[in-house]
Every structure is written in C-alpha cells, then in structure tokens.
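Presented below is the structure to which this report refers.
Labels run A, B, C and D following the written order; every chain starts at residue 1.
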Amino acid sequence: MADKKLQLAIYWGAACGGCDVSILDTNEFILDVDKAADVRLWPIAADGKYADVEAMDDGELDVTIMSGGVRNSENEHIAKLLRQKSKIFVAYGSCAYMGGIPALANLVPRDEIFTRAYLDNPSIEPGNQTIPKPETKVNGYDLNIPDFYKRVYKLDQVIDVDYYVPGCPPQPDQCKAAILALVAALTGQADPPPKGAVVGAFERNLCDDCEREKSEKKISRFYRPWEIMQDPKQCLMEQGILCAGSATRSGCGVRCPNSGIPCRGCYGPAPNVLDQGAKLLSAVSSIIDSQDPAEIDEILETLPDFTSFANRYGVAASLLQRSHRQ
Amino acid sequence: MSEPRTGVFICNCGTNIANVIDVEAVRAFALTVPGVTVARTYRYVCSKPGQEMIIKDIKEHALDRVVVAACSPRMHEKTFRKACQAAGLNPYMLEMANIREQCAWPHVDGLAATEKALALTSAAIFRVRQQEPLEGLTAEMCPTTLVLGGGIAGMTAALELADGGHPVVLVEKAERLGGNLARVDLTAPYLDSARDLITERITRVQGSSKIKLMLRSQLKSLTGFVGNFDAEIVTDGGGEATARLGNVIVATGYKEFDAARVTHFGYGKLPNVITSFELEKMLTAGRIETREDRKPQYVAIIHCVGSRSAEFHGYCSRVCCMTAIKYAQEIKSAVPSCHVLDIYIDMNAFGKGQEDFYKRGSEAKTMFLMFGKNDYPFIRKADAKDDCDMLLVMDEQLSGKRIEIPADLVVLMVGMEARADSGEVAHLVNISRDKDGWFIESHPKLDPVATTTDGIYIAGCCAAPKDIPDSVAQARAAAARIMGRIAKGKIEIEAVYAEVDEDFCSGCRMCNELCPYSAIEYDEEKKRSHVISAVCKACGACVAACPSGAIKARHFTDKQIFAEIEGVLA
Amino acid sequence: MTATVRVNPKLISELQSYGAEDVQNCYHCGNCSAACPYSSEPFILPRMSTRLLQMGLEESLRGNLEPWLCYYCGQCSDQCPRDAEPGATMMSLRRWLTGRYDFTGIARRFYRSWKIELAALIIVALLTGAGLLAYGFLWGGGNLSVFDTGGGQSAFLPAGAIHVVDWVLGLMFITVVLVNMARMWHFTMHAEDIPRASAGAYLRHALLFPLHFFTQKRWAKCDNNMPWLTHLPLMLGYLTMLVLIMFFLEPFQDGPAIDWKLHTLGYLATAGLLVGVWYAVRGRLKKNVPMYRHSHSTDWVFVLLLLAIVATGVLLHVLHRLGFGAAANLTYVAHMMVVVPWMMRFPFSKWSHMMYRPLAMYFAAIQTEALASQSPQLQGGAEDELAPVAEAA
Amino acid sequence: MTFEPKIVGFLCNWCSYTGADLAGTSRIHYAPNVSVIRVMCSARIDPTFVLKALADGADGVLICGCHPGDCHYTEGNYKMMRRFPLLKKLLADYGIENDRVRLEWVSASEGQRFADVVNDMTERVRALGPSPVKMDLATDMAER
C-alpha cells in the first residue's frame, strides 16, 4: 500500500485549538505530512462536513488524531463517528488524554457552571439572562445545539483509543515523532507501538530531564513563583515552589522549569502511577518539615487550591473523576 | 501470568471461629473466586495434621498460592509460611485472612460476621494472586567493633569483645580513659574505690593487642550497614583514620547538670555552695574544708538538683540519692564533729545493698529533711550571731514546718543530662533520641541495648542515667549480642524491604529525607536514589511518597494492596 | 505555718542521755502511728514527736503533749521496720520533758548522771538518819527501846514529830510539783500554733484530771493491759499509804492497841505495793514487756527505793508488834532514811508523771476541742475518748 | 432494612493492627463494618489507596497508626499526619463528606479505643448514607 496515500483526519473535541497549532508548529514537516497523506478532515485547515465523514466506509481512515475531551453531545457523536471510520485513533493532547483544563470543571456541578456563566455573569445584560436549551424554536425553525453534559470525559471513557500523545500542547518534535512512528507502522516499516501506548513521551519523569540541582528535601513553607527571587539552578520544589515535575511524565523538554515556571503536569502521570494528583500530594506533603499538626496546617495554608494544581489536566483521569457533591 | 492455582484453608479454630462464622459459606464462596483450586475447612489448621493437609494439597493440586483464613497473621503467619516451605512453595506465596481476632471474636451477629469473613477472604485471595516469591539476602559480617567512649561502659564492652578474640576500635574524645567515673572517690553502696575499678580496666585496655585505642578522637562519618560499616575517625592535630566495622557500641556517657541554672542555690555566687563533683575532689584530696579553710560544722546536701523538676529535667538521675548517703558517711568519718543534713524529695534506694546503705546513713546521725517537688530550699548568708555560714530556708514536708537549716558547706547533687553532642552522635550513627536527648533503645524492656538501627548498640548513661553495675551489665550485654552475630558469620537480611526501579526513578530525591534509617542513598553519577536493602526496615514511607511510583515495597506492593482493596469491596 | 524555726542537729545527741536510742533510724513510714492505739488526730504519736526530735525543734517538743499520751505498750516498736524504737523515744521524751518542766534543774542533773543522783540520795539519807537519832536522844523520848507510848513513856520518835516532818517535806515538794505543772501548762497550752482555749473548756473537761489520775483508764487500751493491771495496785497502794501517813500517822503508829480499820487498809496497800514492785523488778530483769526493755538508771533507783521502803516499813511494823522496841526504832530510822530521799525525788523524777499524765489528758482534750472548732474534720478523734467524763459531768 | 456501610481500614502492623487484634482477644464487641488491610506503617498508606477504595465503592475509609512519638519506625506516623490534612482538602474538593475518611491513632494496648473508633465511625457513615461516588459512577454514563 506504499503507493496509496495515508488517509488522515484531525479533529477537536472539548479543546482550545492549541493542539492543532502544535501540529502546525512542526513547520515544514507539515508539508511532508501533506505529501504523504490525504487530510480528509481538519476543521482549522480545510473545510469538511459531518456528512462527508458519515459517508466514509468503516475503517476508511487510517489515522484520526483527535484533541480535546468530551464535554457535549457533539463531541461524543463525532468521536464515535471517527472511531468507527478509522483504523487507528490517537488521543492527542492532555484534554483528549486526561480531560485537560476543561475537566477542571468536573470539580463543579453543571448547574453551578450555568448559573455562573448565564445568570450571575456581570457581562450579561440584565433581564436577558437565559440558560441555553438543546432545542429551541426560533421563528418557526428548530434550533439545536449540542447538549452540555454533566461532566467532561477523557476520550477513552467514551470510545476505544489506540494511542495517546500527551501535552498541553504536545511538543512539536514529539508530535512529529509520533506521526512518523505511526506512518512507519502503517507502511510496515516498523512494528506498531503496543495498543494503549503513550507515544511522543518518555517512560520516565520530568526531574530526570530537569537540569536543576536536586538535594534532600524539607519544606517549611510554600511560595507562589512570584513571591521569591528563585535560584535558577536549584530545584524549584526545594525552594518551596510547588512543581509537578516529580509526578509528571517527561517529554515536554522541560520547557516550564527551564523558564523558571514550575511544571504543571500536562504530560500526565508516570507510566505506573494510577492518580497523578494523589501521588504529587503524597510526595509533597511527606516532605513538610514539621511534626506538629497546627504547624503543618499553617504550612499547608501557603499552598492555595492544591487540588486544582495537582489535577490541573487530570481531573477526568483521576480516580474520583469529578466532584460528587450532591 | 498463567491462571493461578490457589488453595484456600478456612480454620474453625475449634469452635472459636465456627461458632460465629459460617465457615462452610466461606468455603463455598472461595470456590467461586477465579483462580481458586481447592478450598477446605478444618478444626485446627495450625495443628500438625492441619499443616500436613496444606502440604498435601500443595503437592497434589500443584498449588502456587495459599490463603489461610484463620487467626491473626501476627499469630500464625510464620507457622503457615513454614508449611508452604515444607511443600516447596515460597513462603511469600501465603496470605492470611484474619477471621478470628478481627471477625469471629469481636462480632456477635453471625450473618454480619460471615459477610465480613467473605470480604476478608476474598481480599486475601485477590492479594495472593499478586504476590511474588521472595528470597532474603545475606551479607558478610565484619568482626571489628567500634566503641564510642572510654568510660566504664565503653572500656568494659571493648574488653569483653577483645577477650572474646575480636578486634575493637575504641574511640575516646578526651585525652584519657575513665570518663566520669574517674572523677569519683568511693562508690556506693560498698564504698569501694572508683580508682580501683577503672585503673584495672585502663591498664588492660592499653595492654590489649585486640584493642586499637584512639584518644582525643571522634567519629566523623559512618556509612554502610550492619556487618559492613565504614567509619572515618579524626584525631586532634589532624590525624584521620578509616575503619571497616561490623557493629558499633555507643557508650558516650552523660554530662553533669549545670548547677548555676538553679538560681535558688546561688551556685557560683556563694563560695561555699559546691557541686557533688567538687566535693568528690575534696574527698579524694582528703580534706573537707570551706573556702575559708575552716572545718565545716554543718554540711547540707541537697538532692535532685536539675532532676525531677518541672523547670529542668523531669526524670530521676538515679545515682544521686545513694551518692548523697555516701557523702554523709564520708564526711562524718572525715570530720566526726560535723553534722550532715540531707535535704531530699524522695529517697530512691532501690537495688542491692542500697536500703541497708541508706539505713547506715541514718545511723550516722544524718538529719534527713524532705522538701516538695519544685519547691526548692533557698540559701541565704547567715547573720553574725549565727554559728554557721549560711541558712537554708524550706518547707519541710514530714513535719509541715517552715524551717531554717544551718550550713557551712552546701553540696548540690547535680543530676545527669544528655551530652551536648548527643545530637550529632545520634545523627552520625543514625539512632534517635528521646525528648531529654537520651538515645532510644529498640525496646525499653525486651531489647534494651539494641537500637532501631541494626548493628548500632547503646550502653551506659548515654541511654539514660544509671549506676555502675547497670552500665557494666549493658556494656557486656551489647558485647555479647555482637559476639553472637559475629559467631554466625553471615547476616540474613529480611526478604521484605523496599527497592528502587532505576528505570522509573527520576532522581527527584523526594524520598531521601524520609527514611528514618537513612537507608536511601543518592547516586550522583546515575542521578538515581537507591535503597540499601540491609538497612531498610520496610516501613514503606518512601514507597508511598515516591511520585514516580518507582519504589517497590516487596510484599506490600501497590498492586498487592490495590488487589486487596478490590477484594474487600468485591 | 509561717513562723520559721531553726533545726538543731545537736538535740538528738542530747536526748541520748535521756534514753533515746535509734531515733534517727526513723524514715517516717508511719507504721508506728498506724499501730499505736492512742494515735488519732490531732495527736499523731509517736511519729510527730519523733520527727520533731529528729529535727531538733526544741520549742515544738517542749509544747508537745504526745509523749504523755503514750503508755509504752511497745506496739510501735514491734511494728517499726527500721528498729527506730519509737516507744523508747517517747519514754526518753517524757524524761526530757520532766526535766524541762522542772524549774529547779535538779531533774535534768539526775537524768544526765546517775552518780549525782545517787550522791544526793545518800547525803539526804544520812542527814535524815543523823537528824532523827539526834532528835530521839536529845529532844524525843531519849530511850531507844521505847517505840510507842503504850508503856506510858514517851516514844523515842514521837509520831507527832514525824508527822510534822512529813508535812513539811510533803508541802515543800508538792509546791515544786505544782510550779512544774504550771510550767507544763504554760509550755503546752501557750505553745505556738495552739489555739488559746476558753475558761469554759477548762471547766468542761475538769473532771478528766482526777479520772485519769486515779484510774489511768486510758492505759487499758493497750492490747496487753497486764502492765496497767499491775500498775493499778501499786498506784492505789501508794496513794492509800500516803493518805494514812499524812493524816492518820498517830493512830497508825502509836499504841499497843491496833486500829484494825486503818491497819487493814495499811496491809492491803502494802500488798498492792509489793505486787506492783515485784512485777516491775521482774519485768525489768526479764525485759518481757517492751516498756521494761530500756530501763534508765533512774528507773532502777525508783523501784529499788520503793522496795526498800516497803521492806523497812513491814519489818518495822513486825518488830514493833513483837515488842522489840529498840530494833523497831532503828528500822524506823532506816525506813525514814529511804522515805525522805524518795519524797525528795518526787518532783524530779519519773514519779512526777503521776501528775503530768492526767494533766496531759486534760489538756489534750481541751486542745482537741479548740482545734476541732478551727477545723471541723477533727471532730471526734481524740476528743471522743479523752472526754467521756466531760459529757458525764 | 437499614443501610450497612462498607468501610475499608488501613492499619499499621505494629500498633493499630495489634490493637485491633487485642480488641478481639479481649472479646470487645464492635460493629462489623470495617474490613482491615494491614500495612507495615501508616507511612506506607498512599493517598491513592484511599481514593481507590472510595472509587471502588467503599462508603468510608479509616486510617490508623501509632500515636505520634510512638511509631515503630520512629516517625512514620508523622508522614501520614502531614499527608492527611491535604488529602482531606482534596476529598472536600471532590465533594466527599468529611466524616467518610478518618485518621486515628490507636496503640497496641488500645483495644477498647479501636472498638470505640470503629463504632463511632460506622455510626457517622451510616448517618451519611451510601457513598455518592458509588451511585455516581454507575449512573454517570447513562444520564451524562
């Protein structure tokens, strides 16, 4: 099938579009991709309709690269549709992989989100507050919008995913490497990675690639990055700056810590870790330098909204997945 | 992994379990769990026939895993592990479900208890599926012992080992041997001379070919683990030495309480208020006189200076009471005309010969006056008309009277406290200290000379105030413990310990500070942390904290515990 | 208790000359007070007195009634785990107190050295002897062989004259004892930290003194009341004799005619004295009762003199009745040579405890009441048993 | 019929597990709702265990360790002491009621105390009703 061009679809679910940009960030490589493949669907680059996809045969697509998770019925519909039509389905980016930033909303019940967005929002013209409904009649016509689910799902909670490319967004080189690996596999030049593999990332954690000097750790208070003059050489965690690097898979090229920003954990948990947030929690709290409950609480006071930090990209992927407040 | 073949054995424990729990139901349930090959109930699984039943089944059904639902694993885990071993199955392929202590006994409602028994058993079956055969390690045992401190305890330990034919490195900070005992004249209760006690030892230590004596020296660093320590020792004037060691005995002793801290007594201001050690000097010199070179007519001895007080140390320093009685008698014999007043809180005269000694003190016409805890007497200069130099004022407990005590010489029985450098020492050899700075033993009653760090032993007053016999006993005990291990030649290392998977370790060093035994080493080249199996005690602190999930607690892996959780809730 | 008192390490040695032995051995376990049948708030004997002695708190000791509340049954000494002999301590304290109460200071000398005492006694005895003989020959009957007035002749030693001697000596020593008793009252009832008692209190308990004086009933509380039983005849016999001699000497001594009423009394008294003395001597020799275990020289003087008095008394009576006038008179002189020193010792020796003890009972009751009125939890206790008569009265 | 909560207990081997055994040997009766998982030290208890137990349907989780200062491993329990408050924050953010997860110090000699803790915890969780997590994951997909 060497002569036949690679059939490729790129789509987005509950995502910001950054992932598509990261694909474009591969620069001229994108042209090679174009040479090697028919891009059958890619909203940000080419026009395409649901109907065209529906018209395809099952498995007609070789690869679908989807970014974003599932927040609404449209996301789910298209995800399922593309799954049906493709041989290989790649969850691309942290949202597709773990729910990502949108999944932070899982910590808040839907109705609260609506209240905040459509009723209490100061930018809404008074008296005109309305919560959008899936079906509405506008002068005789049925107007349909996707219905907004109770929570965000990572892709593999809705469909069967073959490969994952983590990152918010994935680092262009990694993206390139991933695509090349898939092409190689499809063209029979190499064995395909095992199903469910995380491609475009390493089997180790960030600290391994972080150049900052590390020593034994004890923390007597935490600082937000802007609160102190940081030592550019020393491990951020040791300086009291909460950094997710130790609990996060490497592959990003240590971009954040290298620029003085603590790791946010977008590449997800270590290969054999069940819950990234819980692991970071366990590590960070263990090194607090106190044996006195009151003092421990004080130290933790300097650590605002830890939950959202530790699960910034992973609420949907975490063991509890969402807030269970009734 | 091929489908496991698990045997489940449910114990009736006579009627202990069977009366409350429907063991047959448990058995029936076990058989429904995938991977269970046989399930049996038996009257006493721990009995000989019970164990034989297990062995037989392991062989006949080629079982590769065993679950025993019976009493607490703290009771019989060893028993059943042996049984597995006897059948050629690795002992770590056994898991127990505690359906007696934590189910049959504390629960009355049979139905609910059986429910719980099912949960516990399924947890065990799930867990055992994840278990792996484990082997312990062995390591060499270096016969050399490092003894820190050349006091009576240190010297005794060193000699004990040397006499047993084992090499010893004896490190003493000061420029002479003898420690605090060398500052003492006679000893209670038999009034034999301290000098005699130590000179014999000092000469033997100096003469011994087995003992490498290092005066004016200190331990600088200690690395490695039991049987395989490496020590760096520095000597004043720049000498440095290294030594390979198997074990360490810490006998660093104590320091006397600084009497100046108790303001009531005006120590340092009133010339004739002296400490017990200053009196010892006088006694050794054989002349008991005031600063004005007068023979004292009244000598007041105050007990518990710094000890048993809310302000300073809460504990009793143990030797002061009898030492005070000793002084009363020595002073009396030196200055017969002199009146001795012994001012105490309680008279602690436990142990051999001490009660009689106390009585003899009374017969020597010592006046015993009792003061209340934290209600110290205070001392003032006497007036010209008085026939004494100072007056002590206090509330006497036995008469309930507020009294005034004449004194020409006041002796303060200063207590013992942990040495200022005990913190460093503890850190160096990696043992812990209690709130008062004394080194903590592995078990206060059952294991008083060992510490929580394998291969490190403590003897004498560095562990807590004690008298000479107890210090010597501890020293010899520590030496004996070590000789026992040297005799064994090799040391077995438990199969249960933590190990780092270097592929996943990212060298973040989160775990390094967490180990209470400093079992975690960081390899600068590899940029990996590593657990010294022999030092690890398998608490699992590092495992839970490792953000990369790179540390594995053998026999308590995440997988196994996850499985157990699933089993309980299945 | 704000007043600060000075301890005196020397006192304890001083007390040794009064018979205190192992006081300093006591470490105040309190077994003695638990065993003591007399110990009850506010008089915790013998522990408190022992403590005061150990500490040499003279003031407090001097004002302390407790030694007098003790009868030396010895149960404390038996119970003592440290052989501190609390009983002996109390005994020695009684001697010491006697010395303290005595304003003449003679008692202290006697207690401190038996030589002085013996010398004093001998001198007095000799003086008495010489005096009587001189009187007999020069101013009395003049005829040694005449004992009584039966033969019409006047007796060698006329009862009237002797009577006067008795009275003079008696009054002299009674005064001394009374003064000492007054001092005792002052020391004990006006001591530090003892509440002043009301006159009413003194009246209410007044009957305790005679009660205890005649019966020593409190002593009977000892588990072994044999000592009390044997002491009673001695005591009563002694008192009877005293009365007979002080008030009925003439009819008792004179005449060939016998006044049977008086004589029966006399014989009974003599018997009583004999029993008492015999028991005391036997006890002191066999040391079978704790109270006799630690005899002080003065104790021996006491019993021996008593023995001598009884013996000479009896002999004199016999000789007189058999008609050996001369022998009787000489015996009489001998008799007097013992009686006078004996009477002289009265205020300065153990003897005086017959006054101090009942007095102490009396004061104790008053103190208890006074203290009780201060702190209610003392209600009952010693008061109950010290003041049975108070109610009766 | 009344709701019987299913509670998972994580007990340290040296103090709490022995304490629980003691409750049994001294025949102190307590609620059968807590099933115990033995770990060597409370420091081994990874917050993941707690989350997993809740995710797998436990109505509550009880963690027991040696009293502070009493740890067999000298200071393991302090590590748990440090993790717990942060874990409680996280659980609160996930909408798990406070009483469902609990940390208690139980020594080897405190059989009675263990029984009391179990009874009290069982009552509190019973009062809360079944775990929201349980029902939620079940119905989630359906209702979206």
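Assume contacts are C-beta pairs under 8 Å (C-beta built on N, C-alpha and C of every residue); 3 or more make two chains touch, one makes a residue touch a chain.
Just so you know, these numbers come straight off a predicted model, no measurement behind them.
*Asks:* In terms of C-beta pairs in contact, which of B-D and A-B ranks higher?
*Replies:* Between B-D and A-B, the larger count of C-beta pairs in contact belongs to B-D.
*Asks:* Which chain lies the greatest distance away from chain B when centres are computed from Cα atoms alone?
*Replies:* Most remote chain from chain B, centroid-wise, comes out as C.
*Asks:* Can you check how far apart chain A and chain D are, centre to centre, with Cα atoms defining each centre and the answer in Å?
*Replies:* About 33 Å, centre to centre.
*Asks:* Per the centroid of Cα atoms for each chain, what is the distance between chain A and chain C, given in Å?
*Replies:* Computed value for the inter-centroid distance: 111 Å.
*Asks:* Quick check: how many Å separate the C-alpha centres of chain A and chain B?
*Replies:* Spacing between the chain centres: roughly 52 Å.
*Asks:* On chain A, where are the residues touching two or more other chains?
*Replies:* 273-274, 279, 282, 286 - these are the residues of chain A that touch more than one other chain.
*Asks:* Counting only residues that touch at least two other chains, what does the list for chain B look like?
*Replies:* Correct list: 514, 541, 544-545, 558, 562.
*Asks:* Can you list every residue of chain C that touches 2 or more other chains, as numbers and ranges?
*Replies:* Chain C, residues with two or more chain partners: not present.
*Asks:* I'd like to see which chains touch which, written out pair by pair.
*Replies:* A-B, A-D, B-C, B-D
*Asks:* Okay, in this complex, where on chain C does chain B touch?
*Replies:* Those in contact with chain B are residues 1-7, 9-10, 12-13, 22, 24-28, 48, 51-52, 54-57, 60, 82.
*Asks:* Note which residues of chain B are touching chain D in the complex, please.
*Replies:* 72-75, 98, 100-109, 112-113, 115-116, 119-120, 123, 432, 440, 452, 496, 514, 516-517, 537-541, 543-545, 553, 556, 558, 561-562, 564-566, 568-569
*Asks:* Under the stated contact criterion, what part of chain A meets chain D in this complex?
*Replies:* Answer in residue numbers: 73, 107, 147, 149-151, 273-275, 277-279, 281-282, 284-286, 288, 290-291, 293, 296-297, 300, 303, 306-308, 310, 318-326.
*Asks:* Quick check: in the complex, which residue numbers of chain D touch chain A?
*Replies:* My answer: residues 43, 46-48, 51-52, 54-55, 68, 75, 78-79, 81-83, 85-87, 89-90, 93-96, 131-133, 136-137, 140, 143-144.
*Asks:* Quick one: which bits of chain A touch chain B in the complex? Just the residue numbers, please.
*Replies:* It is residues 203-208, 214-218, 235, 237, 245-247, 250, 270-274, 279-280, 282-283, 286-287 of chain A that touch chain B.
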